[in-house]
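Chain naming follows the written order as A, B and C, and within any one chain the residues start at number 1.
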Amino acid sequence: MDALQMLLAQNEIRGLKARYCRFLDTKDWEGLTSLFLEDAVLDVEQDTGNPPLHGRAAIIEQIRIAVVDAVSSHQVHTPEITLLSEDAAEGVWAMQDRVVWQPGKSPIPGIASITGYGQYHERYHRSDDGWKFASLRLSRFHVDMHTA
Amino acid sequence: MDALQMLLAQNEIRGLKARYCRFLDTKDWEGLTSLFLEDAVLDVEQDTGNPPLHGRAAIIEQIRIAVVDAVSSHQVHTPEITLLSEDAAEGVWAMQDRVVWQPGKSPIPGIASITGYGQYHERYHRSDDGWKFASLRLSRFHVDMHTA
Amino acid sequence: MDALQMLLAQNEIRGLKARYCRFLDTKDWEGLTSLFLEDAVLDVEQDTGNPPLHGRAAIIEQIRIAVVDAVSSHQVHTPEITLLSEDAAEGVWAMQDRVVWQPGKSPIPGIASITGYGQYHERYHRSDDGWKFASLRLSRFHVDMHTA
């Protein structure tokens, strides 16, 4: 893989993550589904206490229930994307999410909204339809819990 | 347009947006003016309730009065920039703005500062002097209103 | 330097800054050390009131004491990176930092945590081991001081 091909692959993977945030915050579940491999893995154990989820359908449902009754804003920063081969890559992104639940809809007792800070740790594979998420793990530095 | 030309154009457009945020937050109105086409359009109706503004002079005046009596920090994330031709492109960015008005200067009764979350939806044209904003629309997911 | 070489250099410098934020927030002091030239300069006078620090050892110690008793999240945005030669560059980034000290560990009386907004102004040199920080200056637009 030459230098230009590497830049193009990183560019496409940044675009994949951009669409992830946009589809999540605009609640485009069909769009979001199109970004994951069928056998992808989602690990949000630090948030939910549950073990990693396997399979695209379970992943989308987990993401959907986390934000469907909220307005959310997911922001991601300064990716470090490493090409492992022509068709595989891994990446880490700094992240921030602001999630404001509708009144009475928060899953956290006494908490109306959160502002979270952490990192996404991801793997990507290139399919016939372009780069997709093979796995996504969220780690947290800190979460601000707001009562309003 | 080949792959390298596409990467260069996207790079220049990211630089355009970077200067937009920097000139806005450092209140460099001359610099900000240089980023817009003369017949550009600004749509901040979701914030102001007013219809889109036409023309660079009106745009800069709108932006100026929004932040001249405040400190502001505009942060933009994960652009999706699509080249429509060699000289036209469109893009969407996630955005966050923190605006803290000087005492008594806030335009919102009872509110001292905001933290906003949303998206910029933009069009760009390449002029003889490089890429410029042809249009800019701001949509909001959420705005936190702070009394202090 | 041709267009592809410029894109590659900017890409590597963005990676340098990404590692800076990651090493800082994960408290990897050895990793952080590896990012600075031995005779680098750090200017955080706007935060600390102290004049610029010279030399990598003093820089790392300053950064370490600023966050060692805290969780932190550093986010940087929309770099403007200008190549001055094949081996020298300068850049400006928008930045936000959230720093939450452990109880009783805050250096600011009565303040438990901050959310800061500003800019990094930096110079980079290319060494035999890749691009490194030659200097880093932090300027602030605003800092929110939180009592909790």
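FYI, a contact is a pair of C-beta atoms (placed from the backbone, for glycine too) under 8 Å apart; a residue touches a chain by one contact, two chains touch by 3 or more.
Keep in mind that what you see is a predicted model, and the values were worked out from it rather than measured.
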item	value
Angle, in degrees to the nearest 5, of the Cα rotation that carries subunit A onto subunit B	120
Shared interface numbering between subunit C and subunit B [over half = same, under half = different]	different
Chain centre separation (subunit B, subunit C; CA means) in Å	26
Contacts with two or more other chains, residues of subunit A listed in rising order	4, 7, 75, 77
Residue numbers on subunit B that touch subunit C, as the complex places them	4, 7-8, 11, 14-15, 17-19, 21-22, 25, 71-77, 98, 100
Footprint of subunit C on subunit A - complex, ascending	3-4, 7, 10, 75, 77-80, 92, 94, 96, 117-119, 141-142, 144
